[in-house]
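In what comes next, chain A is part of two complexes: it sits with chain B in the first one and with chain C in the second one.
And then the complex of A and B:
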């Protein structure tokens, strides 16, 4: 974890460099790494999607640059203040905090939230500090339960004693302290319904683990939490998804990072994540063929794209899944396991798969 | 050209076979009288064409004789006439007589403006003989009588609107003896057999308007003509008889005329009138005035609005010369007709004298190739021989036809005229060199006007012309529209372009096609067919204009940016200084002062660079 002081120092350095340029009579500028497909690549050594070195230079005295330049500085100034007073704002609140009309003109510093969001991402890229480290939070989402005790803002929280709702994961998980970790692994899933199934069955007690769910794509907060559990406590992260291209994609983002957030892959991606979701073999083994949902064109196109991902291209186990899925022309949801019994997933599927190390790495 | 001649000849043949009334009914669409609104435009157009041709010819005569030119002046006046009831027999749409109220329970029949005498009056019924048909009126109520034609109930309808169209010109006038034929005979005159750029190509002349008036209101055309050498003007009322011979209803001599000499045509027609919009008479006259800058037009509308479109040019356009048909543009039917009509005694002399660009040696070569005796009489060629000859003519290596049969408006005249009309801040004009397509010479002129008083809402106004005649209908199917839509306007700094490819904003785009034969898309003759060669020329003309527009807009935008740049920087500077001061703790004012210094330094540098560029 990076020290708050470091982040503040970074911001101050940025300001000082600009002021030095101004003092020297130069047109002040910012160098911003380019966030586009052209500047993103897969690093086979780190096994991460990373950002290249290409940068674009943005000047203050330039008609085309000035708007974005000032937006970025506005966010920097706001972040400095947030760090000073140790408070956090949401993305939406940041938009309002820097929104104002330049006196005597009709120019708004920002017109909508996409502009402020972009300015925040630019600042992340310039300073190397993440949004959360700049004290800017996104919406919170997701729940956790299991054999871990944490400390959050001075409160001690036992993830195994939080009733049916579990611990609600905040958008910023940077400052969470892990006090006692009895879990041996983490099961992450995208669907609430599956999480509630496992929670009701108290899987985390039986298997000595933690279960974490998001709704759809995992937020930065969840990804960072998983990464820290993997890094700091060496817990294996099992990813439980449907047998479909979108499920595979969720796994891919968690493990290798994404193009949009390539600049923070190093903090978010979980190279040790393992795929524990439904496989073609599971479908056969548990006789789920009849539960197949027919592919739409869009599903097939997605599958073809994922098949070509560099990190999957030479992976025989994955290519086998893609091939079988294509032959099936359909997908199967985890929920279909219910056809074998209400708690089949908790009592049979997960214990068997984990015992047999039946995952894809 | 062949197509037009063919249509005219076809019309002529058809006319011989049937009565003029029947001919009109069957060929209404060919003559352009599709609906009341269009009929108004066609009548005005025919009368204005006639006036322009007469005044121009006169002006050319004066110019040739070295006399002072009298520039054309054409006055168009449209008045609303009262309208009444007409009787329309079952199974027809043509009224057989007018119905006029003459008492509380009494109605009379009127034909050609004359009250008819009843053949029988009995109680509340009246009977008439109208052109061989029995018409019976039964008065049952005070509102309208019931009418029976040959015992079948007929409908009584309100006549559609009647208008009187008067067109007066300062041309030479028409000598008395010729008036009946010019106005009272269809397809009179030589217009159709001329091969030069002419307006007449679009309709079949003023007599078709006379016929339209006669068929819709029954009122004869009233022609006033004054020639310079006579002190009085002659006034004649003329209509066209069923055997296509003129009927003179009256003739008198009057003192005084609007001009020293000239012609006035008055027609009472059934039609519709619109005060504004694309298809209004106003728009037609306005657009005609734009491409005839050597003429003054005066329009007086039914609402008494008077508009004067003043002459903006002191030069007559180049007089188009007549040319003989070029072999490459001949078609079978045309060649056949020419062979029969020619005065040449041998086929060789026909080729050399009746066609253009065929030398004596070339004629020998061609005839030898197709094995036809050079001394053969033209009319004696067999069908096969004509076919062979035509193919050989098409392949013959001939010089292109001469292009002095075309009369462009000219860049200077067009620019002045558009400026006067649009009051634009910028006008680009291009008059392309003549080109030949399949033996037919044509040329394209284009103009783009921008800004000033041109309205900035909506799509650019498009002015389409063929041989100086505005095209008001079928814009979507016209080659001019295609040329406009195929342009990449954004490339020329036009900021906003509609989905269909037409620029949005304060633009007027004009395209004029001049040719001895304009290929129209249909018999309505309101859209130019999309031949690739024609579209290509149109696009080249537009691109030329657009390039000029681009450099004008470019300079304008640069000026605006320059002014904006400084104010933009000044607006942002305090905000930047404040934000930066919060990060580094240096006073806001101090940062601002330093920023001002940087800006003035950058501005100096910029000015210096621009100065150097200008010197280069």
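And then the complex of A and C:
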């Protein structure tokens, strides 16, 4: 649902129905899918982490339900206002906007941000609109550069003409228009420093692509941006991470979704993502064995967890990586490629891997 | 020292002198200012946290000195190479680039990144060039928008025409040219979400300014950018933070420098920075008392520390804020202004504060 009118209509209908039912002396209710581990599963057909069908019914006239019920309605009312005035708020700002004391009582509608965050997720499920479509934004982070021209808020922005900094990716990428896409693929990486390396080497010009990074896990804005480039322009999304459990997890979330955001996997996950990060074979091929950083217990535990993920469990290529990593008892970072030359990653590693289709998908 | 030639010459001279001394059978040494709390002080004249005159002499032929000596020379040699090929590396990448085993031994030049980081700081002091001038970059973070046109890497970039995202600030802002500066001041804020609020409200157009944010403490790249806009174009730098000890500390570091980077305060600190964040008076004036978030012990302890800082100790205006904050036993975030209206911060708070010169400097 990309249409603002549709979202507004949904919110209006929700309000009208509740109002009518209360006036008629009925007990209005909301059916909300349960967002707990018990109702999250990996769908082998779609290859996504999804929410199951279990729902809970929340009644207005029920002492145990009323608090959450009112919180959800407060957020719905605020979202309607945001859509009307065409403005956006952050999660924190939404918390404050609905942090009021009910008139004539000492009861605050929300006491901390986890309550308003949950109400927002409920509203996503009730309306079928994402947080971003409800004009509520998450984190802003990351930069983009390369062979794409976009239109955003009336400005035409050429991602290949933004100096050493690049375009700063907003928290909400729903309304961006792709005007001209000369890129053949996207390289997403987990570290800004690697982005600056590739950018200085003009990798996006030499390989005709786009480079995107944020620090650590990708924001929702970046995930939607990657997903849209994959859907709307068929661009392969190559994910460049370290050879370590945390890097593998970044790839896993991008491709399959996450438990925390299972209700929105269908919009956020990128089934076409391909792992272009360091593999055990690369470490041998590029003689990086000596650049190993020894595992701590926490790394090893994380590896054991990821090994058991349903979507990795029967995948021989991944199990091989996990096995070899366990034997190495250590990780190797992409930055270690610098031991082969300042621009080795740009001039050798990436072109070779892409030419040889040497990725895991 | 902004001239690349000067930096290169310094590095070359360093190498030549050492080589000559070794050939002549002398014992070469490096004099390095001591970067420890004992040698850091607040200079009331410059109003900066600075490094004192205490130095330590490090000899090549000295078992206790040789390790650090060689690390510093390795970094110097790498910096020379980076300047020659006109490329940059991150701190992490520098660590890998000099992580080698000495031929014929089992000794690694560096074992972890703290060693290479220290060697880089030593080199900053020996050469008088900043890390950035040595082509070694720190973190990349933050976004800019507003009434400035820059030139960077051959691209002309208008900060007022970059859609909802803005310009992504690179880790190194030394080589940026300011082509056209129509801004009358800069607003720096600690939170991306606030930046997005001000940007959506086009504050920079209405107030003729520039808005810059990063998440939390400003990067070196941002600090240099702010400092250069202050020095080269006389723009006041307004710092917008929460009413809490952490927000005050962000302001303190921007204006006076920090202990960790005392050796570079003269380049990074911004003596003209003015605090435009929430004050105890604002909380009253804008009726935000109910939006208080109660202090945890850690907040209170931080407040007590900051109260004792030499540059705040005799400042009545700051001591008043600290006293009132202690009485409140809580903090108030800028985001709480949203309780007065979605765009209240843009339409009322900022214009009023600036018009009334209601800042602390």
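Everything that follows uses one rule, which is that the second predicted complex is superposed on the first by the 357 of 361 C-alpha atoms of A that agree within 3 Å, B and C clash if a C-alpha of one lies under 4 Å from a C-alpha of the other, contacts with A are read in each partner's own complex, and residues count from 1 in each chain.
Keep in mind that, in the parts below, a residue touches a chain if its C-beta (ideal position, glycine included) is under 8 Å from a C-beta of that chain, and two chains touch if they have at least 3 such contacts.
None of the values given here were measured: they were computed from a predicted structure.
Touched residues of chain A, counted separately for chain B and chain C, are more numerous for C. In the superposed model, A:87 makes contact with chain C only, not with chain B. Once the two complexes are laid over each other on the shared chain, residue contacts for A:196 go to chain C alone; chain B is not touched. Applying the stated contact rule after C-alpha superposition, one finds that A:290 touches chain C and leaves chain B untouched. In the superposition on chain A, A:139 contacts chain C only, with no contact to chain B. Looking at the shared chain after the overlay, A:54 reaches neither chain B nor chain C.
Of the two partner chains placed by superposition, A:36 touches none, neither chain B nor chain C. Of the two partner chains placed by the overlay, neither chain B nor chain C lies in contact with A:298. By the document's definition of touching, neither partner reaches A:260: not chain B, not chain C.
When the two complexes are laid over each other on chain A, chain A has residues 81 in contact with both chain B and chain C.
For chain B in complex with chain A, the residues that touch the partner chain are 561, 564-565, 567-569, 571-572, 574-576, 578-580, 582-584, 586, 591, 594-595, 597-599, 601-602.
Within the complex, the chain C residues that touch chain A are 81-82, 85, 87-93, 95-97, 99-101, 137, 139-144, 150-157, 161-172, 175-176, 192-193, 195-197, 200-201, 215, 290-291, 333, 335-336, 338-339, 342-343. Chain A meets chain B in the complex at residues 11-12, 14-16, 18-19, 22-23, 25-28, 60-61, 63, 66, 69-70, 73-74, 76-77, 80-81, 102-105, 107, 109.
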